[in-house]
Structures are given as C-alpha cells and as structure tokens.
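To keep things simple, chains are lettered A, B, C and D as they appear, and every chain counts its residues starting from 1.
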Amino acid sequence: MVRGRDLTNELIGTINFTEHFWLLVTGALPSAAQRRILDATLVAIAEHGLVPSVVASRMTLAAAPESLQGAVAAGLLGCGSVVLGSSEAAGRLFAEIAARVGGGRGVEPAATEVIGEYHLGSRAIPGYGHPLHKGFDPRARRLFQVAAEVGSSGLHAEIAHAVEKLLPQLVGKPLAINVSGAIPAVLLDAGYPLLALKGVPMLARTAGLIGHLLEEQQRPIGFVMSHAAAQAIDYDGETPSGFRSSESA
Amino acid sequence: MVRGRDLTNELIGTINFTEHFWLLVTGALPSAAQRRILDATLVAIAEHGLVPSVVASRMTLAAAPESLQGAVAAGLLGCGSVVLGSSEAAGRLFAEIAARVGGGRGVEPAATEVIGEYHLGSRAIPGYGHPLHKGFDPRARRLFQVAAEVGSSGLHAEIAHAVEKLLPQLVGKPLAINVSGAIPAVLLDAGYPLLALKGVPMLARTAGLIGHLLEEQQRPIGFVMSHAAAQAIDYDGETPSGFRSSESA
Amino acid sequence: MVRGRDLTNELIGTINFTEHFWLLVTGALPSAAQRRILDATLVAIAEHGLVPSVVASRMTLAAAPESLQGAVAAGLLGCGSVVLGSSEAAGRLFAEIAARVGGGRGVEPAATEVIGEYHLGSRAIPGYGHPLHKGFDPRARRLFQVAAEVGSSGLHAEIAHAVEKLLPQLVGKPLAINVSGAIPAVLLDAGYPLLALKGVPMLARTAGLIGHLLEEQQRPIGFVMSHAAAQAIDYDGETPSGFRSSESA
Amino acid sequence: MVRGRDLTNELIGTINFTEHFWLLVTGALPSAAQRRILDATLVAIAEHGLVPSVVASRMTLAAAPESLQGAVAAGLLGCGSVVLGSSEAAGRLFAEIAARVGGGRGVEPAATEVIGEYHLGSRAIPGYGHPLHKGFDPRARRLFQVAAEVGSSGLHAEIAHAVEKLLPQLVGKPLAINVSGAIPAVLLDAGYPLLALKGVPMLARTAGLIGHLLEEQQRPIGFVMSHAAAQAIDYDGETPSGFRSSESA
C-alpha cells in the first residue's frame, strides 16, 4: 500500500513516475494539467551541463567509483541556496505576496509592499534576472505557456509577472523572470505544496546526475576537470601558500 | 540544447520526465514500450515506508532543517550494496549469463555455469528470495506482466526465470524472483544500459525521500525515531560502554 | 609545503594533530595555551552516544558497507543548525556583543541590548539551557576551568557569563551555559576564528563516528535500530498511510 | 561516561584529541609511542592542496553556503577507493602477508606468495609508486623514522619494506613505498585496528577540509574552479552534446 493505494494492482504499470511523485508528495493523484506542469518543470532543469554540482559529482565518482550513491549525494549537496535554492526562495516570495492578496489587497500593492520589505532587508529578489538570457529566459516563457495551455495559470503567475513589471521602478533595473521564478509560479498555481518546492529541482538534478555519472564511467573527465580547476587557481596567482595540485595519498 | 535537442522548443511541455530521464541516460528518446517499462520500475520502488535510508534521512532533516539537500543526500547514501544495490547486482548476473548465451550456449547451461561460479565464490544470488513475500513477489510478477503487455520481454527475462527454476537444485531451496531481480531483467530487455541500472532505484528513492521530507516538516518524527532506536539498544542490554541516548551539544 | 612549512621535515613527527589543525585553520602554529583549549573542546564533544547523527551513520553503513566515507558523510550531514550548530550560533552571539563592547560599551549593557534584539526577533539564545544537566553543564564548567588554568580567559568568557546572569530577568527563567556556549567562548578568547567555529564540533564528531563505525562492523546494530525506529512510529499510531517498516528492494 | 571514563573529570583538559580518538577507536588510551605514531600519520595526510575532494568541497560550499556540513560531506565522499582508500588496501595487503607469517612462513616467501596472487587477479599493489616523488616518498620515509624513534617498528614495517624489495622482480619495475603504504604499516605495528584504518585519512582530511572551507568563505574560488573545469573540457573538444558550462537555475 502506498498512500492508501495498492502498489501492485493500482499503481505499477498504470501511472507514470511523475504521477507517482505527485502522489507521494501530496497524497493524491494529479490531474492531467497538474501532471503536465510538473513534467514541464522537471524537464526544464534536469540537465544544465558542467555546472558546479555536476563537476563535484563527477570528481567524486572518479575518486570513489565503488559508490555511485556517494557521487549522486555529492552532486545534490551542491543544490543549495545559491544555485538551485532560488526556486524555493521565489516560491516563498510569491506565497507571501499571495497571502496579502488573500487578505484583500490588490496584486500590485501587495507586491510593491513585499518587494519593498525585501529591499529594506537588503535581500535579493529571487527568480529574476539571468547572466545569459538578455530580455527574457526562454524556458520561463515556455513554462508559463504550458500552464496557460492546460488552463492552470492563476494568482502566482499573475504575481510573478506583476513583480517583473514593478522591478524597474523598485530596484532600478529591468530583470526578467528566469526559470527559477517560473517554476514555483506554475507549480504553486497547480497546487503543488510550497514546502516541497525544492524537491522539484532536486529530483530533476538527480536524473541529470545519473546521466552524467554513466558518461563518467564511459568517458572519464573527473580528474581532468579537477586538474584544470587547480591549475586555474595557480594561473591566477591566488594559490594559497602550501597548495599543490597533485594528489598522492 | 540537451543531447542535441532544443530544450525550450522540443522538450519542455512536449516530453514527460520519464522520457527525459531516458534521453539523458541513453542519448535518445524512448519508445512507448521503453517509457512504460521505465515508469513501471520507478513506481515499483519509489516508496517503501520507514526503511533505514528514510529513517536516516528524516533524522538528518530534524537535526539540520536548513539543508533539505543534506537530508536527501543522507538518504541516498543508504542506497548501497546491501539495500538497493541488488538491482544492479542482479543486472550484472543476467548480463553475464546473456553474454555466454550470446557466445552460443543455451540459456540453461549458461545460467547453471554462472550460478555455479557464484556458488564457488560464496557469492549470494542477487534478485531472488524475500523475507515477506512467500512464494512470489507481486511487484516482480507485475513488472514482467507489463513488459509482456508492451511486447518487450526478451532474453534477460527468460534468463531471470531460468535462474529461478534452477535455484532449488543448485542452492538447495526455492527462491522466487523479487522486485530487485525483475527490475534489471525488464530494463535490460528494454535496452536500458547496465552501467546506469543503479540510477533507477536511486531516482525512484529520491522521489520517495522528498515525500517523506515534506511530511517530516509537517509531522516531525525524526527525533522520536532516533530516541526509539537508541532505546532499543539500551533495552537489549547491548549498549556499548559509555553510550548515552541523549544529545545535548 | 603546508602553510609555508616543510611537511616532512618540520611537521610530521614534530607537531601533533591538534597543532596541525590549528595551523591549517589559522596559518600559524598554536601556543601551548591555544592547543590545550582546542584539545579540551574537541574532547568534550567527540562522542555522545547514540545521537541522531550516529544512528543515521550506523544505519547507512549497514545498508552500504562498501562505503565507509558515505556513512561518515551521512553522520556529518546531521551536524546542522538544531544539533551541533548551536556552538557556531553562540559564537556569533558573543562576537556581536564583543563588537559593541569594542565600540565602547560595557559588557552588561551590550549584552542586554543584543539579547533584547534576539528576543524581539523571536530568536532562541544559543548556548544556554540543557535538557539533562540541571543547574549547570559540567563540561561547560570544565572548559572554562581549563581556559582559566592556561591563562586564556578573556572577553568572550566574560560575555558568556554576563549573558547567563542576565537571562533570568531578560527571558524569565534561569538557563545555565551549556557545552555549546562554552566552546565558542573559550575558542574565541584563544584566537580561534569565528567563521571556522563549526569545524570544531564537526572534526570532533568525525572522530566519534569512526569509533562507532568500527563498532558497527564488529557488532552491527544499524538495522536493529532502524526497525525499532519504525516500530516506535507504528506503536504511536502515527504511521502515515501506506507506510510499512520492512525493506525488500 | 565515554568508554568507561568520566568525560568531564578524566578526559576534558587532561588528554589531547589524538589520545581521545585512539580511545574512541580502541577503547583504551594510547601509549606515548602509539600517540606519536597516530599524530605523525594524521599530520602527513591532512592537507594536500587542491585535490579533487577539496575542489568538490569548495564548489559545494560556493553553491550551498548555508551548509558547512554539506561541503565537508561532499569532500569526504571523494575519499574513496581510488584516492584515499589505498591506505586501507595496503593495510589489508600487509595484514594478509602477516597472517601467513604468523602461520610459520618467512616474510619473503609469504610476501612473494601474496603478491603473486594479486598479480594473478590483476590487482594493483596498493601503497607503492608515486607520480611525483621519484625514488622515494619523503613522507613515507619520515613515518618509518618516527616509528623507529619511538621503538614501535615491527612486522608490518618489515613486510612493507620486503614488498618494496620484491616488486622489481615480481612486477618488473621499482616502486617505492608511498605515504599510503607507510601509514598502515606504522599504524598496524602500533596496534591500531585494521578495520578502522580508513578512518585515519578521513579524520585527517576533515581537518584539511575545514581549513579550505574557512578560506573559501574568505577568498572564494569554488566557482572560478568550476568554470575552469568546464572550460577545460570545452577546450579538449570532448564536450558531450548539449553541455554548457554556465549555470542559471
């Protein structure tokens, strides 16, 4: 029995993994719209090339090939506040604004108020801006599109766009919604729980890491990358005293 | 671009997470049969109640609530050779037998030979027997059923059943195929790569852990379980000298 | 070369591990007083019986015996804000008060002010109170004693005691300094850096975990504890729907 | 109470951390000779510059600064069979030879026999050879010197040197004992338990990681190294399809 359902007769071979994940998190099976939105967010961030957590994971497998689970764990440990946590942080921002809207305020005044409080506390606005995608983040736009297609756009998407519109006057520069802003907006609108938001990028990245670690077994680059990483520091002249880039013990 | 495909225009909103995972691991999109088999295996083992890795993960979140990623990592670190590794080990067993069949032998002689070598080396036969399910493991039976339904049954399933039939005479007792034996059999028949087999239970358990960790935030049991664990040892009179079950630092 | 010193000729066989750790963290060798205080704090918290992080670590080794490093890592992941982080949090409290004293205020007014701010923000005062040791924590008292013996007591110890004296009137109940309050007080007085404070309980617990994991190899209790943990939840009638306490996959 | 001793009155302020670690692992306090050998081995391998596990750990802190424990754990997960496990593997080699010497054989015939078996099984001889130190590893030589100074040299050191002498004729090239060979030789001679051997490099590296992670907070290089690592792969033309070196989510 899983969440009150017969695993063998009701679930295996009947529902797909995305539906099962939704069931495990919420206790109920998703609607087709909910499933499609969750799928879209998971697909959007599963793979991102040689990002820090992937580099760390591949180096770990190179050093400890007996433990695939250790390499996956090392990769997930880099899914923190700076790198993947912005999805959850943006979710908290939208939920805070939504709570005030629920209390009777308009979306724009509520957003202005909460952004003002972030500003006062010198907190960055999570989910906006991007080093590469100038103008807009195509993945974010696509996620909002999918949500609209399945008829699931709601208050959180509205808030996300209201914040984007307010940012130039409130923080002084235009910052487009990025994928970490779009993910919580469409998931919260779909009824996915706020406290499990971080689970979505983590599950997605686990899939990505497994792909990378298969490749690391077949075409190892972990030590090459580690050497290059250490050399880069040597080159910059910032090597701390006593550092050497070789490993022997 | 992910594996040569345009992430935004070809993948997000178009394929589901299971298809994306298959793409990340193999470099190609799965057929409908492959997708359905992968889904069935992921659903079969995502959630298993308060198993050791889940207990460890929930305790870790209780102690370090600032790091969801740390709690997931702690849970995955318990996906090792004893607990979840049997899927991969069974996959290696079937692949070894399949290789000899490929070399021209019959399934039964090849299986007899390889099992004999395991026996000589005092190695357990992974993927067979179960402490709870006497007779057969219903999840294993269901997985083979799904594979048959989608027309994907092949050599590895045949080998898995041949081994089951041979075990009574070769090791002296009947041992039914369990879910850890069925998973690699149906995945290998579907063309999923042997070296990434362990990724399937790991991805599935990540989903299960995220469900548990949401619940741990809402209904904490981590410290209760830790206390009970320590008490159980006190009770059994096996407390190592100097052990105390309280935590203060 | 390590921190500008010749590893083979100056360090191996000449300095001990505690001195080396101080060197790695600060870049200089410790005085005899500094070394003795660091030793005292490391000894005070290395071993604490079957606390959650130890339970999690032993369960992880039981499930994945091929990876000792995974079991140690799982144990360290439970050294978080709730369980071992209070040393660092108390260090930040003392450092904040010390900064204001440095700005010309008396210890008592500065402490009153900072505690008031914690109170306003509904933040707990870290480093005080203990579920077991009523009146005082003998390990804390001993650490202050050691610091006094080596002539290293300073402003942070003074602040720690001033806070203890102020707490009854400021928070309404007497709360004695515990070991997590004493550790940062004596270390900061000895010149150990604030940003590396958490490293002391972590290094200490690594030593404790290695002792436990040797024992787990010799007298396994990981699965017994896991079973008891799951049973405790069954017993309490709080089992989430669909949970089972057995593991088969 | 820790291992039958009163923590506050007998241990804190009385023994040092190395003695406490020995106590936690063996249940007894070390002699002066045992303590000095354990110190020498811990000092010899605590710090090794920007090795893969350190790079992985610093990247992890950069991505998840809220969790120092996660970064330490990620670093330790790279202490595996390839990188730091050779100490333990060499210890098993020496113990196997010692067991046969205990059975009445001479050191040289026993070593020849066991090395022959390793050779037959295509297993590398752990603890010998070094990419940098041609001729001999100065740290290994120093460790044997320390052991001799304290009168602790015994059968395992004798075996380690006998193996070194036999290697040219048995494997066709001279390979000097390295630090991973010297560590288990001197520790086993000192009475340190074989099953806890891996704990020594792990404890040592924890100390090294804490030093690196303090530095990472003060002079961050984690993302610089990650970028260089990804660039190195781009440069080599081996970038898997779809890889990009930037991170945005």
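We take it that a residue touches a chain if its C-beta (ideal position, glycine included) is under 8 Å from a C-beta of that chain, and two chains touch if they have at least 3 such contacts.
For clarity, every value in this text was computed on a predicted model and none was experimentally measured.
The minimum number of touch steps separating chain C from chain D is 1. Among the remaining chains, B is positioned farthest from chain C, on the basis of C-alpha centroids. Across A-D and A-C, the chain pair carrying more C-beta contacts is A-D.
Each chain gets a centre from the mean of its Cα atoms; for chain A and chain B, those two points are 25 Å apart. Centroid to centroid, with C-alpha atoms defining each point, chain A and chain D lie 36 Å apart. Work out the mean CA point of chain A and of chain C, and you get 32 Å between them.
In chain C, the residues that reach two or more other chains under the touch definition are 2-3, 44, 47, 64, 66-67, 69-70, 73-74, 77-80, 242, 244. For chain A in complex with chain C, the touching residues are 1-5, 27, 64, 66-67, 69-70, 73, 241-242, 244.
Contact residues of chain D toward chain C in the complex are 2-3, 7-9, 11-13, 15-18, 20-21, 24-25, 35-36, 38-40, 42-44, 46-47, 67-70, 72-74, 76-80, 138-139, 141-143, 145-146, 149, 193, 195-196, 198-199, 202-204, 206-208, 210-211, 213-214, 217-218.
Per the touch definition, chain C reaches chain B in the complex via residues 44-45, 47-53, 55-57, 59-60, 62-67, 70-71, 73-74, 77-87, 130-133, 137, 178-180, 201, 215, 219, 221-233, 236, 238, 240, 242-249.
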